[in-house]
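Scroll down for the structure; my scribbles are underneath it.
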Amino acid sequence: MSSGGPRLFLLLPLFAVIAAFLLYPLGFLFRQSIGGTSGFDFESYKALFCDSYARAALIHSLLLSSLVAVSSTLVCLPSAWLFAHNLFPAQRVVRAIFTLPMSFSGIIMGFLTVIMLGRIGVVPQLAQKLFGHDYLSGSAYRLHGLVIAYLYFEIPRATLTLESSFRKFDRRLSLAARSLGANGWQRFSYVLLPLIWLPLLSTFAVTFSASLGSFGVALIVARRFSLLPLEIYQQIIGYGNPRLMSAMAITLVTIAFLVNYSVRLAGDRQQRVI
Amino acid sequence: MTKFKPGLVTAHLLTWLLLIVVIAPLLVVILGAFLNVSFLGLASEQWAARKGDGIFNHGWFAYVFHLYGSNILFSLLLAGLSVVIGAAISLPGAYILATCRWRGLRIFEEVVLLPLSIPGIAMSIGLIEAYITFRGQWWLILCGHILYTVPLMTRVLTNSLRSFDIARLELVAQSLGAGWWHRFVFVVVPNLRHSLIVGSLLVFAVSWGEFNVSYLLNTPLHQTYPAALYATFTANSFQVSSAATTIFLALIIPILFALQWLGGDEFTHVEQSA
Amino acid sequence: MLETIGLRKSYGSQLAVDDFSHRFAPGKITTILGPSGSGKSTVLGMIAGLLQPDRGRVELGGRDLTSISPERRDFGMVFQHYALFPHLNVQQNVEFGLRVRRLTRKRRAERARETLQMIRIEHLADRRIREISGGEQQRVALARAIAIRPKVLLMDEPLSALDARLREELRSELLRLLRDLAITTIYVTHDQIEAMTLGHEMIILNHGQVEQAGPPDELYLRPASLFVANFLGDSNVFAAESEEVSERLRLPFATINLQPNGHNSSPNEHSSRCWAMIRPESMELVPEGEADFAATVESATFLGNRLRLQLRAAGEKVIVDVENRCAVSPSAPVYVKVKGAEVATWPR
Amino acid sequence: MLETIGLRKSYGSQLAVDDFSHRFAPGKITTILGPSGSGKSTVLGMIAGLLQPDRGRVELGGRDLTSISPERRDFGMVFQHYALFPHLNVQQNVEFGLRVRRLTRKRRAERARETLQMIRIEHLADRRIREISGGEQQRVALARAIAIRPKVLLMDEPLSALDARLREELRSELLRLLRDLAITTIYVTHDQIEAMTLGHEMIILNHGQVEQAGPPDELYLRPASLFVANFLGDSNVFAAESEEVSERLRLPFATINLQPNGHNSSPNEHSSRCWAMIRPESMELVPEGEADFAATVESATFLGNRLRLQLRAAGEKVIVDVENRCAVSPSAPVYVKVKGAEVATWPR
Amino acid sequence: GKAADKVVIQYDCIPNYANWGGVTAEYTRETGVRIPPDMKGSSAAMAALEAEKANPQADCAYYSAAIGYQASEKGLHQSYKPKGWEKIPSSLKDPGGLWWTVHTAYIGLIVNKSALKGKPVPQSFADLLKPDYKGMVVYDDPTILGTGFTYVYGINAILKGGPDMNAGFAYLKKLDANILNYAKDTVYNDVLRGEIPIWINADGNGLKMKYVDKGDIEVVIPREGTIAMPLVMAMVKNDPHPDATKPYLDWLLSDTAQKIMAESFFRPVMHVQLSAALQKEFLPESAYAKAVVLPLAEMAANADAVKERWTNEIKH
């Protein structure tokens, strides 16, 4: 009923920004990746997927991101649940603290990781003092160190996404289930789970694409561990091959987009089903 | 109710654990900035900071301001501009997105929100490569930030517009004789005041901490504070890095707390994408 | 005078309103009653100009309004869900329409005051919206609508969000207020009592079409169709036959005298088969001698001001309302007399 | 037999329910009626075990249920907003309670079938929840609740989300069904007619306290308090005085004969001042001679099965219901007789 | 404008490398001209300059000689002969003034003894291959940092390898097993803190850790020998602030500047009087007996090839 026609021009600024700063650059990158206007080919992509090193970076990235996404989703599940049902003391403060890492750029995460889990990090040194052995020493530079760093980074995202989806869950349903004789576990498996597996997925998607993109952490801690964003970074600061670099970037974007979009589609389908 | 619930208890414990994990590194860093902690290793740059006697010492802050003061100012400027421009662009845009039922707009909205889910580094090299001629212009960094913050603001606004069913209010206003301009000024904007505040804080925080997009866009003269942080992490001693980080936190923490107190539910699932 | 001529609206394939034509008596209240989904809100939307009719037009004093946008029609509107402006307080809400009409702050204030007084909520003037109850919110919504002195007042189920008791209260208040105001009012509801008590005139909609229009008592006493008979109030409907001498009507379980009263459209010539509708209150329990038919009580439900009997007469279910103190024992035989003057019939 | 003993619940400072004690007749329907916020849902919640009472207890057949968690009470529950499981279809919803009781798929299926048949919605079995209408959803919710053969059935305003017409339909269906099932049922509503028609017994709650409990007709005809008198049905309440010879009652505008009928609690000794309540249907228009008092008609509203007159007698407002065809002209004088036997009085 | 002239942009101006932090601080103190820190390594700096050819951002750049030479070949520099230019040995400057040395350093092993956790201090490149040092050794990524490049290129010469460089790469491949990582940025503080036990880098940095920052550090010139690494300045072509830059470049060759560099144990290219105490802290000349001096032209010519080979053979 609100006649959109005359007001559409209000959209122009937004459109301009997106077109100029998002669509054009990405388009440019793509063009570059397939070799510009003059006869194009997909050499760079071939290189990316076949050349052992680049492929390793790609695989590492995917591996790390999925690892982080899964673990962060699981780790934050209980807290999110508590928050959603306002069961935690001084909830606001706690939530605020939880959201801290979100605005940290990855580099701070990296720094913190080194400080805590480096070869002479706080944790190993405490361990040394307490147990006489420097447990976790130098783990910052290994895969699990990296995962921990990213995890730290994803805690707020995961918690908030999960919390909001828990909040959306209608508690009357679980009351109804109770009145029908469903015990805690049955309520969880028969009612809660079927209704929130999608939110779980979307949490996964959010954290996944976030860790896929952030290279600040890796910049500092990733030692012998190459990641796609790092490669892109190296390509641009050192002597790199612009085509390959563009290809890498486009690949990153595509993956992130696909993951998010497919989850969205799944969501819509369930909406239609429910 | 009053019964002992093991699940609940473990959930609480886990949350407390997470809480510690989140806070501990920050405490270490903040202490490191004020105290002459030696067990984390020696500090270079003796020639730079006048070490106070005793364990307390503020010299490092002076040093950080001396070396990176300009970056702080620049980042503040960027954040400020991002907020203003972001609001100016997002407000009308969000209004249309939330009120027009035209099919095409849904797709456009997806595109607008894209930057929230695709890797920042991809966008930044996109900007660099596409606008190579402007390389080294400081406003290219601003563009990077806008590209990242406008979707955020837009999302906050559309969410809250939808949450209070702006369409119905507009109908009433219309029946009371208000044309679309009146409706926009007297109905839409006033109802968005709160969301605008929240959105601005969010944008400010994100822009202040943004690294992925802007790092590569930095120029020698114009570097964002996170970039400076990175510099301190690599080049300066732990104490200096800590001081720098502490300065970063000093700005971010109040904002995040403010957000918790101001932000209603419709924002929680926006923060996650920050 | 407000008039709609052949309004028609369909959403996609589905026809929401078809050929809605009516002349709304000036200064009077017309209620539109119909089941959910019958097109009431759609009609209102088209009159307000918020919806574009596919066909037909709306005229005010002979002037076609089609091309006039809603904000320039000066129609007040009240919605089911109040839709008060959350960022304004009560007074500011009421002033809104005046503000966009560029009235001076002073004039606005006094107009708002007197409107609030009229509705007896001046004490709420400075409250925030979320600080007042549902009933009060509805009053404010009304105040906001009439403050602009609308040419026409449109209300879409204004009370249906309130609980039963509150609804009654507000209903009688509205009655007083609207009749005093004497604004041409169109009032959409799906509550019969509301429709009958408030309306000078009543329109019954079904599947987007007007079933019958007229004063409430006429619709109730002389329903023009089976639908109206069933939809408005409770009724017994029987397949009947009127005898040649059309004074007598043969029901499945009895034959009764029909005093000719104009209510019963004369059954068509060829056949004398017809539908007969008898209201529960149009029958009474009488001594055996005077009865039209005997029946047994299946159940008796207490409705407060009356007692509803479920009777069975020759296999047919019959509901009869009797005095609330009347003592009947279930499955006892009772003798019923039909007030012949109150039977309505249609050819079938 | 289900019994509650001194149930009490407060939210923070505010007392929601206080000292709620009642023995619920086995196999019968008890309706709880009260204004919004009077504590109805809270009572139900405590009986279901979803809320912990601050004090008091719930007993079933003499067994204290306090320590038994809701899921092990075998109480069926129907919520105002159905709360159907969106991810299950109709049949699966109905089967849910049986599934968690570990019935075999086959037994579940047939039990579900017969329940659906009982409620006459077997044709919906395979539909998704969002594909069925509100009324149907409510039926499914009911089916889901009774499928587990509950010891007690609890319903919280099951119909209030439906529109007027649909509500009536479902009400009469519920009536049939519940009376057939003969499960002990507690039915919360704020709709008087629902409460009176469905309930074998009725409890009137106000501010968390029981105002009166008993069969509907008793509550209506012999209200124990002014609140009940005003809340249940329409009534005229006057400040009156009963004369020494307590057969006569002096109203502001007339003096009437009270046939002693036990309804009117004898006014206390010291003073003879009392409240008198007269129902609109307890008065009738009569020829001048037989009248208790004369009055003038202020307005007449058509209510379908009756006509409501707003009279004024010696300055007092009096509402009287008369036959719907009765012809009265506004501001005409009328003569009214009070059915003395139907007047209720309380000391004031 | 006025304000703009108050800064000079120097690429590769890492505060903790060759004490640039101190040097620039001193210059700012004297003249008020600001030289912001810049974290690019030599190669990164060259890459940036090339990318910015259209509108240069930097005024001058600091390289390890070979990269500086290469950059000049790419035509990224403009000719400038700062005061005292003539005093620089001709082998250490471009006759056209496209680059010139400011100080020299030698590749050595910077060892944080406490971080060794009791393991013996390695004395030679050969020692580094011992499993003892697994995950303890760091050298700079040659594709980004000049020092790293100089080492990767020079190790072959030290090991008496032929022009095919196989010897060097064979060694690096073995060393790879013990590498903690290939640093993309200076790890000065990581070494000082003990985060990194062994860093193959300019000896000057190590000595500074030892004497200035009082770290538990030992600087070892490997038995096999070491590589002389001239570090050069160059003025960028079409730079934004030439007027501010030239005085700065002059000043860098002045006694004050050279002394400050010397205080961080990078050997000044100019002859400056150093205090006896400072003299003692420098390693004895004898230590550098077996220092190899690499032919810059050839080095520059092969630079890209070597970097690529390193990337393919070692890093992957």
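Order of writing sets the labels: A, B, C, D and E. Residues in every chain begin at 1.
In this text, a residue touches a chain if its C-beta (ideal position, glycine included) is under 8 Å from a C-beta of that chain, and two chains touch if they have at least 3 such contacts.
Since the structure is predicted, the reported quantities are computational estimates derived from the model, not experimental observations.
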Centroid-based (C-alpha) most distant chain relative to chain C: E
Top chain pair, ranked by number of contacting C-beta pairs: A-B
Where chain C and chain D are represented by their mean Cα positions, the distance between them in whole Å: 25
Inter-centroid spacing, chain C versus chain B (mean Cα positions, whole Å): 56
Centre-to-centre distance between chain E and chain B (centres being mean Cα positions), rounded to whole Å: 37
Residue numbers of chain E (touch at least two other chains): 193-195
Contacts with two or more other chains, residues of chain A listed in rising order: 1, 120, 219, 237
Contacts with 2+ other chains: residues of chain C: 50
Chain D to chain C touching residues, read off their complex: 35-36, 160, 163-166, 175, 190-193, 196-197, 215-217, 220-221, 231-234, 279-281, 301-306, 321, 323-325, 342
Residues of chain B that touch chain E when the two form their complex: 40-48, 67, 70, 132-133, 135-136, 219-221, 223, 230-231, 234-238
Chain A residues touching chain D - in the complex, by the definition given at the top: 170, 172-173, 175-183, 186, 190-191, 194-195, 273-274
List of chain B residues in touch with chain C within their complex: 164, 168-169, 171-179, 182, 186-187, 190-191, 193
Chain E residues touching chain B - in the complex, by the definition given at the top: 7, 9, 11, 14-16, 21-22, 25, 36-39, 51-52, 54-55, 57-58, 185-189, 192-195, 208-209, 212-215
